[in-house]
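In structure tokens below, several structures.
Each of the next two complexes has chain A plus one other chain: chain B in the first, chain C in the second.
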Partner chain A sequence: MKGRRAATTLGLRYAGAIAVTIVFLFPIYWLFIISFKTPDEIFAFPPVWWPANIQFANYAVLFKDGDVVAVWNSLVIAGSSTVLAMFFGTLAAYSLVRFRTGGDDLAIWIISQRMIPPIVIVFPIFLLYVWLGGVDTYWGLVLLYTAFNLPYVIWMMRGYIADIPIELEESALVDGCSRWQVLMGVVFPMARAGLFATAVFTFVFAWNDFIFALVLTRTEVVTYPVQVTHYFGGQSNFWAKIAAMSVLGTVPVFIAVAMLQRYLVRGISMGAVKG
Partner chain B sequence: MTLQLAAGRRRASASGPFLDRNFKYVIVAPAILVLLLVGLFPLIYSLVVSFQGVTMMEADTSFQGLKNYAALFDDLRLWQSLAHTLILTAVALPIELVLGLLLAHLFLEKMPGRAIFIALLTLPTMISPIVSGATWRLLFDHHFGPVNQIIAWFAGHQVPIIWLLNPNTVYPAILVCEIWQWTPFMFLILLAALSNVDKSLLEAAELDGAAYRTVFRRIVLPAIWPVMSVALLIRGLDLFRIFDIIWALTRGGPGTMTETISVYTYLQGFEQFEISYAAAIAFLVIFLLTAVVMILLKRTGIAR
Partner chain C sequence: MSLLKKLAWAGAFAGLALGAWSSGAAAQSADEIAAEAAKKYAGTEITVVWEAGLQSLDPLNFSGPMWEKLTGMKVKVIEVPTEEMFTKIMQEYRAGTGAYDALNVIPSWMPDLAKAGALEPLDAYVDKYKYRDELQKIAPTFRDNQMTVDGKIYGFPDDGDVFIMYYRKDVFADPQNQADFKAKFGYDLAPPTTWKQFDEIGQFLTDKFQPKMYGAAFFRQAPYAQLMFQERFRNEGGKFFDANTMKATVNSDIGVKVLTDMRNENKFMPPGVETWGFVENLAAFMSGQTAMTISWPPYGRWAAGYGQDEKALNWVPKTQIAGKVGYALPPGGHPQLALGFALSVASTSKHKDAAYLFIQWLNSEKISTERVQLPYTLRDPFRVSHYTDPTYLSRWPDAKDYLATLKQASETGLLDLSILQTDKYEEALRQGISALWSGEDPKAILDKIASQWDAITEKIGVDKQKAAYQGWAAKSGAYPQM
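Up next, the complex of A and B:
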């Protein structure tokens, strides 16, 4: 009796799981499928649920016109800022955890930086960048995203570093390693899982940002979300380009998620608990 | 190899004293410097500007007192944008919480393929909000979008709803997009929190014949409250500064119907070039946010 009931519940749970997944993935399906349609099919009524021929013309246009450089810009900017934020953030987190540098006050000041709405600081940063020559440059956005992600990295890595047994570091010190060698040889490798999980989110934040990039780019380092909005028009939207550019910008994130999927739940929940 | 390593060590300790003595400050300094430069400095600068009269036309840096702040009170469009923001937050947050809880319960127990389902459900959250907005614009298009078509199947006749231009449907459309994107975030956090609830307590309660409603209120909710309240705080703060989705879907329109506080601030600063006034709005936002967060932290004890 009990076995049959369990089987029925399992069946119901599968039905629920599949239904929910279809609902949540349908918009993504629609975005992808639009990017492979011909203009006739995009503007067809009633809508075309599956194109007659999968064609890559919409992507070819983006490559031919050089629009894909926006994806490259995003890659350079999000990639560099992630490396910098992870490096300096982990160092700072180590100092906060092992030496209690600055006590609780410093830690709280750091996380409070993350609560400031972007719209509040984007204008003064714009003026600062006009003065420093940082508008429409790689380093301008890299510096900004590094700063924006540092509080998140520091708070996440605090948790992961606190989990490392201190004895390992002490024995390395006794063996004659410098503090620096302990960091590189013991702390970073031990916190590897945490580093990956944090890095994914740091990358995704920088990759997906719109408002900073909207204000601080012009033509040279336009990132892909800003490029997508360039195709918005009053009456005629270039839906083929919007869809294709969106897909180009979304696929790298999906690949990152797929590769690091086992760290994600811990990454998100720790981010929530600690930061 | 061994020799090289030993040499390296000796060199490290030779340059060591300063680094070793100040090690904890040396490694924390770069992060602090970056945060001061890109975080604190603009904030202070912005505060100064909010007391001046800077516009596109003139860089009037003379002290204007509270002129910009006083003007806030007469700005109907500002208070409307604040109301729009609060409405969106007040409606989206509970829905995301409840849907997230339901989803978390659905996937709480082990079942084959569970990890794949969870990974697929995270995808909306990973997409850039500007792309989410663009995607839902495609879906809501009154002519070639599938939303009207799906409704037509159920209604039995065509429905020409112009979602994003109709005052009655533009908010539901924005909410659907927002909820679609962020419910998975809520779901993942709550799933992790629920997984950590002590199973033996639940089994004991089940043996006593307690209804799940009671078990949830007495055991589960208190156990997940610390995590859940932080999740609500994070999403609440995010909703309060909602910008990208609105920008992609409506740009604040039709008219100014869906202008949120972030959209309005952006338009004042970057399209009207009322720079000092935009800075004053920004500080109103900071003031409101700080007040709300302080009250919440006291009430819920998140700060521990």
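Up next, the complex of A and C:
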């Protein structure tokens, strides 16, 4: 009797978990499936749950028209800014933790910079960029995303580095390592999970940004979120292209998260969240 | 031959040559003048701002390459989503970048952009490049209402957007439907001329044919529905403001009636119609799911199957109702001249003459006649000659009815509200429409809109806005001419 009740409870739990999973996965399924449908199937009522013929024309046209360059632009910009923000942010975090640079107040001030709503500063930045010649350039967006993500990286890495026992670093120093060697040989390997977790979130922030990319690009370095809006006209919505481009824009993040999942889980559950 | 005789002959010859030259020059059309003058800018690249999506295929695939071939000038197209166009234009202007040369401007934005100084006044160019005669041939509604601010030309009307009604001729002509309808309502089943008739016909057809077919559907998403509200409100006799005090009067009994009717009509429309946009509504009509709808002119072309094989239109579901589509004015008879586009020159452009020549050429009689017939670019007839162009009339069997209805609609159409910071007033309307679909009380919604409008007016300055409103309200297309 008790065993049967336990089995029923377990079954209900599984059913609940499956239902929740379906609810969360359905929008992703729908996005993917629209990208393989014909126009008639996209607008059919009642909805077509599975296309009669999986067809790749919606993707082919993105490559043929060159729209897919926007995904490349996003990769270059988000990737470069992530590398730069991680490098400088980790060094700054190390300095804050080990040398107490600026005391506690500096760290608080740094993270407060991340709380500024982008919409508030986007136009002054545009004016500055016009003066600097940074509008519609790779370096302009890379610099901006690096600056914007630095506070987040510093704050996160500060927590991860603080968790590394200082005795390990002191031992390495006693053994004759330089500070740089300590960083490369002790700190970075020890904070690897935190580094990957922070890098993924930094990449995603830059990858998904819309407002800066919209204002600071024209034609040369249009990123994928801005490119998607080009498929919305007052009297035309290219749903197939919207879906296909969104899939192309989602896949790199999916891959990155899947590959680094091991570190992500570990990274999130340690360091920064401990305070 | 005496010297005198020789001089006389030479004089006569020179006179004839001059006459021939001048008559040749006079015969030169606006597109030829523009293309000829633009040759001296060969190698120059001008940047034009165009609405993203289908619209931009015009300069990308058609007019841009053609212009380059004619003049050697290059055209770089910046595609911008409609809702971002105003901001992008203003932002580049405020920063003085000179990044844009030619602009597409929605006429209701023109007062704001012109008063801010973002648009180049075009009168001097019009005279310099002899465009005034051809400019006058733009259909009066667009020419008189969508071209000038404070008497100066800031843009050339370039898109005859107007809402018209599309209905299923075969359903309306069916003898059984005719008989059943007459028996129930006592008048003939025909395209409705009042909203009461529309409601009765819509309900009748839904009752008879659902779920296979519904009596009607509209695009109900707030940005579109607020335009339909503007139209219906004025057709019923509503006024947006008290012209003396500038107090909003949108919350009058007329406004409440219109909003209430709009919500009630959803009951005989397909389920979920509240979320429909341009494309969803188009798909339903083209598939035969709805018997009546109101929209911009491309519906009429596409439903007839015009341009069906165009690659650029492969996102449009194939029409199932070609040959069965009728065209009529919407109930009330004064359709909204919703949005539209005008061509302007950016005041900060570094290539003003070159940009001007391009827009003159685009807007000219010859080139615009070709552009409004491109099946995929959404530019609609806006010149008197477009409505009677023999080629256009022969594009599909019912094209003559389509063009005649568009012409009639342009003559009786109503302008979008175009005052200072119009978008803020429209945003209040958009929010109101969303509240309507979520079930809020129409009167409460309109009271809130009126109070938001009054606050916006106060902020802009009552006298300043009053002058702008009075200028707009004096235009022939502001309110129905009874």
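The criterion applied here is as follows: the second predicted complex is superposed on the first by the 257 of 275 C-alpha atoms of A that agree within 3 Å, B and C clash if a C-alpha of one lies under 4 Å from a C-alpha of the other, contacts with A are read in each partner's own complex, and residues count from 1 in each chain.
Here is the rule we go by: contacts are C-beta pairs under 8 Å (C-beta built on N, C-alpha and C of every residue); 3 or more make two chains touch, one makes a residue touch a chain.
The structure displayed is predicted, hence computed values, not measured ones.
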Task = Report for A:151: first if it touches chain B alone, second if chain C alone, otherwise both or neither.
result = first
### Message
On the A-aligned overlay, A:239 touches which partner chain: chain B = first, chain C = second, or both, or neither?
### Response
both
Looking at the overlay, does A:13 come into contact with chain B only (first), chain C only (second), both, or neither?
-> first
Across chain A, the partner (chain B or chain C) reaching more residues is B
Practice item. Go through the superposed model and pick first if A:135 touches only chain B, second if only chain C, both, or neither. Key: second
Q. First (chain B), second (chain C), both or neither: which does A:102 touch?
A. first
* Check whether A:254 is in contact with chain B, with chain C, with both or with neither, and answer first, second, both or neither. => first
Inset, instruction - Check whether A:120 is in contact with chain B, with chain C, with both or with neither, and answer first, second, both or neither. - result: first
Check: chain A residues flagged as touching chain B and also chain C 42-43, 45, 123, 127, 215, 229, 232, 237, 239
Given the complex, residues on chain A that touch chain C span 39-40, 42-43, 45, 123, 126-127, 130, 135, 214-215, 218-219, 229-241
As the complex stands, chain A meets chain B at residues 10, 13-14, 16-17, 20-21, 24-25, 27-28, 30-31, 34, 42-47, 49, 88-89, 91-92, 94-96, 98-99, 101-102, 106, 110, 113, 115-121, 123-125, 127-128, 143-144, 146-148, 150-151, 154, 176-181, 183, 204, 207-211, 215, 224-226, 228-229, 232, 237, 239, 242-243, 246, 249-250, 253-254, 257-258, 261-262, 264-266, 268-269, 272-273
Residue positions on chain C within touch of chain A in the complex are 47, 51-55, 76-79, 81-82, 84, 88, 91, 94-97, 99, 270, 277-280, 283-284, 287, 289, 296, 298, 314-318, 339, 378
Interface with chain A, chain B side, in the complex: residues 9, 12-13, 16, 19-20, 23-25, 27-28, 30-32, 34-35, 37-43, 45-46, 49, 103, 106-107, 109, 111, 115, 117-124, 126-132, 134-139, 143-146, 149, 180, 183-185, 188-189, 191-193, 226-227, 230-231, 234, 237, 240-241, 243-244, 247-248, 261-262, 265-266, 269-270, 275, 278-279, 282-283, 285-286, 289, 293
